[in-house]
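Labels A, B, C and D are assigned to the chains in the order they are written; within every chain, residues are numbered from 1.
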Amino acid sequence: MTEHYPVVILMAPLFGALLATLLGRGRQVACWWTALIALGISALFAVGNICAVLASGEGELRYRMGGWHESSGYEVGIELRVDMLAALVVAAVTLVGFVNTIFAKTRVTGEMREKVSFYYALNQLLIVGLCGIVMTNDAFNLYVLIEITSLTSYALIAMGNRRAALSSFNYIIMGTIGASFYLLGVGYLYIKTGTLNIDDIRGVLQSGNLWGHASITIAFILIMLGVWIKMALFPLHGWLPNAYCYAPSAVSSFMAPLMTKVMVYVMLRVMLWLFGSEYVYSSGHVWGELIIWMSIIAIVAGSFLALARTDIKKMLTYLIVAEVGYMVGGAWLVNGAGLAGSMYHIFSDAAMTFCLFLAASIVILRTGDHRLTAFNGLFRRMPLTMIGFTVGALSMIGLPPTCGFFSKWYLISGGIEAGHWAYVAALLFSSLVNAVIFFRIFERAYFGNLKGVADEQFPDDRDSAPPLTLERVPCSMLIPLFLAVMAVLLVGIYNNTLVSWLKAAMPPL
Amino acid sequence: MKFFGFIAVVVVGTLLLVATGDFPGWGNPHSPASEGQVSGFYIEQTVNVTKVPNMVTAVLADFRGYDTMFETVVIFIAGIGIIAVLRTFGDTAGKASDYPEPDEGSDIIVRSTCHLMVPLIQLFALYVVAHGHHSPGGGFQGGVMLGASYILLALACGLPVAKRRMGERKAIVLAATGIIIYAGWGVACLFFGGNFLDYASLDPVLPGDKEMARSHSMLVVEIGVAFTVTAIMFAIYSNLATRGRLEKGL
Amino acid sequence: MIEESYLPLLAWMVSLLAVPAILLMRRSPNVREGTTFVAAFVKFALVLAMLPAVMAGGVLRFSFGEILPGIPLEFRVDGLGMLFALVASSLWILTTLYSVGYMRGLKEHDQTRFFACFAVSISATIGVAFAGNLFTLYLFYEMLSLSTYPLVTHHGDKEARSGGRTYLSHLLGTSVAFVLPAMIYCWVKSGGDMSFTDGGFLAGKIGPGDGLIVLLAFTLGFAKSGLMPFHSWLPNAMVAPTPVSALLHAVAVVKVGVFCILRVFTGVFGIDTLKDLDITTAVTYIAGFTVITSSLIALTQDNLKRRLAFSTIGQLAYIILGVSLLSAHGITGSAMHIAMHAFGKITLFFCAGAIFMATGKKYVSQMVGIGRQMPVTMTAFLLGSLSIIGLPPFGGAWSKWYLFLGALDAGQLMIAAILIISSLLNIAYLLPVAVNALFRQPPGGSDDIAAVGIREAPAACVIPLSITAVAGFILFLFPDLVFDLAQLLISNG
Amino acid sequence: MELLAAGFIEDNIVPKFNYWIYVILMMIGLYAMITKNNLIKKLIGMAVFQTAIILFYVSIGVKEESGIPILGHGQHHEIVEEGKPSGEVITKDEFANPLPHVLMLTAIVVGVSTLGLALAISQRIHGSFGTLEEDEILDQLRPGGHD
C-alpha cells in the first residue's frame, strides 16, 4: 500500500475537484467539505509519504505509471520519483492547500459569489499540478503539469476584479513564454539523448559525453530562463506583483507561498538531477558567478521596491521577489550549506509568506483598507491577527527562533564558505530593509492613531482608523493563521532535522 | 518596448540558431531521437505488449497514459476556467443589447444542410474515436469533431437549439465524467493489484489476455477523453461567443 | 567541573512564567504586582542557589535540543554569568518595588503591559547571562531588544516614538548587520562548534586579519554596550519611564551589551588567542575615545536623565577598555565594574525618578537647593555619585582601582591617563548636581522651602534608592563576593 | 565570398531547413508577444510562438525513408494472429518515431487551452475597460485617469 501513496496524493484532489464541479453552484458548503476532505486525505498521505521515504533504504521511492518497466536501461513509461525533498515539498503543498481551504470558507462566498464551486475545483487542480510537478521524473510530464498549474492560476487570478483580469493576461503572456522555453529546452535534450526520463537524460549526457555540446548548453539556458520567468526572478518578475496583489485573497494566500517555491524546486531539480551537479557547477564558472550577481540584484531590488509600496499586498509580493533571489543565489553557491539553505528556505519562505498573506488578508477584509494605513492601531483592535502578522514579519526580518532566521543562517554560512561576500551583504541588507518595512507597520499598529486626528508623525493619516467592515474575524480565518504561525515556529525549531533530511536527498556535489 | 523586444528576439534567435548547428540533420535516421532505445522499443514492441497497431495511440494512451490524463485535465481546466472567468450568472438583461440580434437560422438552406451534416459528422467522429487503434485518430480528434458538430448546430440554428442538446450543466457533467472514466480506470487498476493506469492488471475482468486488456482499456480511456473534449469544446465556444451570457449565439 | 542542572533553566523561566499570570491579573493590580514580587524573589533565590557551586569553581550546565547542527540551546553558569545574574536579579526586586511606587504615583496607563514586558526583559537578561553558546546568547539578545521596545515607547507620544525608532534601528540594525554574519563566520570557522569554553572556541582557528574584522563586528554589533558610534539610542531611550531607565538602561540592557563583548573576548576568542593575534588595540582606542567624549557630552546636558545616560556610556566603555587591555587586573576590574556601576547608577536613576515624581523637575538647572525638600533622595544621589566617580569608601573605588592597575600592567600609560581624566570629568558632571541640591539656597529664597517643607517621593520609591545607595557602601567593605566571581574569569581563562 | 555563403547554406541551412524555419517563426511570435500593443495581436503572436515549437518537435520525429508509425494490416496480422515475434516482422527503420507526435498532441491541447482561456480573459478586459489596446488600458489605470 505504501508504494501507492503518491497516487493517492494526486487522485484525492483530482476527484475532489471533479466532485466540486459536479456539485455545481448553489451547494457551496458541500463544495467546501469536498475540498476539505480531499485535501485532508491528500495531506495525510503526503505526511505518510515522508515516513515511507524515511523508511525506505534508498531514501527515495519510485513509482512506475502503467507498470511499464525499463527496457534495456531506459524508462519507456512515466516514472514518479519521490525523494525526501520532494516528499517534504509535497507535504508543504498539500498542508498549505488544506489550511488555506479552511481559510477560504468565508472568504470565497464574498469574492466568488456563484462561482464558488469553480474556485474549489480549480484550486484543487492547482494542488494536483503542484504535487505532480514535484514528484514526476519525466521532463515532458513536468511541462504538462507546469501548464496545469499555470492554467489554473490564470483562471483563479482572473476571477478577481478587472485589474486582476489584466494582470492575469500579462501572466499568461509571460507564463507561456516561460513554459515554452522550458518545452523547447526539453526538446533540445530529447533530440540529443532520445529519452525524456530525467535520470536517463542525465545518464546519457554523462555516458555520451555530451556536456560540451552547444545545444546542451543552450537547452540549459532555455530551461533556466523558462523556470526563472515562472519563479519571477528579477528582472523577469514583472507579472508577479500585480497578479498576486489583485487576485482574490483566498487565491493569493495560496499561490504566494507556493507557486514560486515549487518553481525553485523545479530549478533545483533541473540543476541537480536533470543536468547533474557535475555539469551545472563545473562549467558553471562562467554563469555561476553571473547568476549569483543576478540573485543579489533581485534581493536588493525586491527589497527596495517593497520599501516603496504603500499597498500591503503589493509590498508583500515584492518581498517574494527578494526571497526568490535568496534561493537562486543559495543554489548557485556550490556548497552544501548554500544548497541546504536554498532548499530549507523553500519551506521557511512558504510558511512565513503564508502567515503574512493570511494576516494581511484578514486585516484588509476587516478594515476594508488595502493600504498600510489599515494597520493603524491594530494591536488593540485585532491583537490575535497582529500577533500572527508579527511572527511572520519577525521571520522575514530573520530573528530567532522563527524559520527566517535559520534559512538566513544556512544561506549566509553558504555565502561565507563560498567566500561570496556580496551575497552575504545582500542578505543582510534585505534583512535590514525588511526590519524597516515591518517596524514601520508595527509602529502604526502599536501607536496608530485611532481617533482620526491628523498627526504630524503620520501626515497621511487624516482619515486613519477606517471603520471596521466586519464585526469580528471568524474562527475559520484565525485557525489557519494560528496554524501558519505554528508552522513558522516549528519549521524554525526543527530546522536541524529538516536540513539533515534535505542533505540526505542532495546528490553529492 | 519595440527596441527591447527586438534585442530579446535577436539574442534568443541567435542562441537557437547556434544550437541548430549541433543537431543531427533533418530526417537523419541515425539521430539519437530516432535510433534511441526508447523509440526503438515503441516501434518494435508496441504490438507485442499491447496488440495495438497504431503506435501513436499506444504511446499516447498507455506508455504515456499518465501524461494524457493530465492533458485531458488541461482541457477540463480550460473549460471550467473560461466559465469561471467569463460566465455571468443572472443579471444580464441590461447588457443583452450589446450584440445584434442574430438571424437565428432563418435561412432554410443553411438549416437543412446543417441538419444533414451533423449526424454524418457525429458518426464519423465516433468512428475516429473507436478506430484510433488502427488508424490515425483517437479521443482528442474524435472529441473535437463531436464538439464541432454542436458548434455547427449553434452557428446554423442559433445557440438555444444547440443548448437544448448540450446545455451548460450537461456539458460540465459530461466533461467531468470523461475524466472520471479516465482516472477511475487508472484507480481501478490499483484495486487489481497493479500500479496506477497499469491496464494489464485488469485482465481478470476484460476479455482476452493481458495484452488485449491493455488494448481494450485504451479504448475506454479514449472514450473518456472524447467525452471531456466534446463537452469542453462546445463550452468554450458558447461562452466565448456570448461573453459568458449563454443567451444568444452569433 | 561541569555539572548538569535544571536550575539555570528554572531561573530563566520564572519571570517568563509570571507573564501569563500578570496578564490574567490585569484587573486586580495588587495581585498582579504580588506576582511580580514572588517571581522576583524566586528568581533571586534560584540564582543564589547556584552560587555555592559556582564559587567552588564549578560550572552548571543545561542544554536541550539541537537547534542548529551541533548547537543546542544551552545554559551555562560560570563566574561571570553568575555575577551578572546576581546583580540583575537582586536589582529586579528593588526595581519592582520602585516601579510600583512610581507607576501608581504617576497614575501611568497600561501598567499591565509594563509589568509583563518587564518580566520578559528580565528573562532575556538572565538568558544572556547564562547563555552557553553564541547562538543562545544572540537569541536572548534579540529577545531583549524586542521586549524592551514597548517599555521604551511606553508613553506613546511623538518623542517616545522617535526614541523607540532610534532604539530599535540601532539595536536590531547592528545586531543583524554585524553580529549575525560574524557569528555565522565563527560557526563556519570553528567547524560547527559555538559553545563558550574557557580558552575560547575560536582559539587557533582564526588569523589576525579576519580575527580583527570579526572582533570589531562583535564589538560594534553588540550596540547595547553603547560604544560610539552606535551610542545614540541610549540618550534617546531616556523617554522611557524611570524604572525602565533605571533597571534596563543602567543595568540590564546596557550591561548585556558589555557582557556579550566580555563573552566574545573570553569565550569566543580566548584571552590568550587575542594576545597572540594582537588585535585588541583598535577596541581599546574606540573605548578610550568613548570614555572621554561621552563625559564631555555629559557635561553639556541639562536634562538629568540624559546626563546620566551619557555617564553610563562612558562607564560602559571603561568595562570594554578594561577587558581590551587583556591584563588580569583589567579583566577583574571590568567584571567588578559591571556590578559596582550597576548599584551606583541605579541609585542615580532612582533618584532622578523620585525627583520627577515629587517635584516634576527634569532639568539639572531646576534642582538647585532641592535637597532641602528631599534630603534622603539627594543624599542617596551624592553617595551614588561618589561611587560612580570611584571614591572610597564606595564600591566603585575597587573596580576603578583594578582598571587602573590593569592599564599600568599593560604598560598603557595613555589609558591610565584617560582613566584619570575621565574620573575628573565624572566629578565635574555628577558632583555639582548633588552639591548644589544639598548645600545651595534655592533661587526663590528660604521662605519657599520652609513653606513646602520636606516632601519626598512615596516610600516605595525612597526605600529602594536608599538600599542601593547603602549597598554601594557595603560593596566597598565586602567586595569579596564580586571579586571572587570576577577572579573565576581569570583563573579559568 | 559567394562560395563561402553558398557553402554555409549547403552545410548548415539545407539539411536543417526545418529548424531554421521554426526559429524564424518562433521569433516572429516572440516579437509580437513582447511589442504588440493590442492584446489580441499578442495572442496571435503567442499562437505562432507555440506552433513554432510544435514544428520543431515534429521535425525531430522525421525519419528518412520511413512511414507513419502504424503497422500495416499484414504486419499486424502476422504478429498477432500467427504469433511471429515482432522483431522479425518490423524493422526499426521502417517506421517513424511515434513519441514526438504524442508529445505534440499534448502541446497542441495545451496551446488551445491557453489560447481559449486568454481569449476569455481578454473578453473580460474588453468588457470592463472598453478597449483592447494596452496603452489605453494603462491610461485608464493611471491615478489621474477615470478609474
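One rule holds in what follows: a residue touches a chain if its C-beta (ideal position, glycine included) is under 8 Å from a C-beta of that chain, and two chains touch if they have at least 3 such contacts.
These figures come from a predicted structure and were not determined experimentally.
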Check your understanding: Which chains, if any, touch subunit A and subunit B both?
Key -> D
Practice item. Looking only at C-beta pairs in contact, point me to the busier pair out of B-D and A-D. Key: B-D
Revision key, fill the gap. Of all chains, the one whose CA centroid lies most distant from that of subunit D is C
Point to revise | Distance from the mean Cα position of subunit C to that of subunit B, given in whole angstrom | key: 75
Check your understanding: Counting in whole Å, what is the centre-to-centre distance of subunit B and subunit D, each centre being its mean C-alpha position?
Key -> 17
Revision key, fill the gap. The distance between the C-alpha centres of subunit A and subunit D, rounded to whole Å, is 30
**Study point:** CA centroid of subunit A to CA centroid of subunit C, Å
**Key:** 44
Check your understanding: By residue number and range, which residues of subunit C touch two or more other chains?
Key -> none
Check your understanding: Using the touch rule from the top of the page, what residues of subunit B touch 2 or more other chains?
Key -> 16, 20-21, 23, 31, 33-35, 38-39, 42, 45, 64, 67, 71, 74, 77-78, 81-82, 85
Practice item. Can you tell me which residues of subunit A touch two or more of the remaining chains? Key: 140, 144, 147, 151, 154-155, 158, 165, 184, 190-191, 196
**Study point:** Topology of the chain contact graph, where touching chains are joined (line, ring, star, complete, other)
**Key:** other
Review point. So which chains end up touching which?
Key: A-B, A-C, A-D, B-D
Exercise for review: Could you pull out which subunit D residues touch subunit B in their complex?
Suggested key: 12, 15-20, 23-24, 26-27, 30-31, 34-35, 59-66, 68-73, 75-76, 79-80, 85-87, 90, 92-102, 105-106, 109-110, 112-114, 116-117, 119-121, 123-124, 127
Review point. Of all residues in subunit C, which touch subunit A in the complex?
Key: 65-69, 135, 138-139, 142, 146, 150, 153, 156, 158, 161, 164-165, 168-169, 172-173, 176-177, 180-181, 184-185, 187-188
Exercise for review: Show which residues of subunit B lie in contact with subunit A when the two form their complex.
Suggested key: 15-16, 18-24, 31-39, 41-42, 45, 62-67, 70-71, 73-74, 76-78, 80-85, 87, 89-90, 169, 172-173, 175-176, 179-180, 183, 186-187, 190, 194-201
Check your understanding: Mind pulling up the subunit A residues that touch subunit B in the complex?
Key -> 4, 7, 11, 14-15, 18, 21-22, 24-25, 63-68, 71-78, 113-115, 118-119, 121-122, 125, 128-129, 132, 138, 140-141, 144-145, 147-148, 151-152, 154-156, 158-159, 165, 184, 188, 190-196, 204, 213-215, 218-219, 221-222
Review point. Hey, which residues of subunit D end up touching subunit A in the complex?
Key: 30, 33, 39, 42, 46, 49-50, 53, 56-57, 60, 99-100, 103, 106-107, 110, 113-114, 117-118, 120-122, 124-125, 128-129, 137, 141
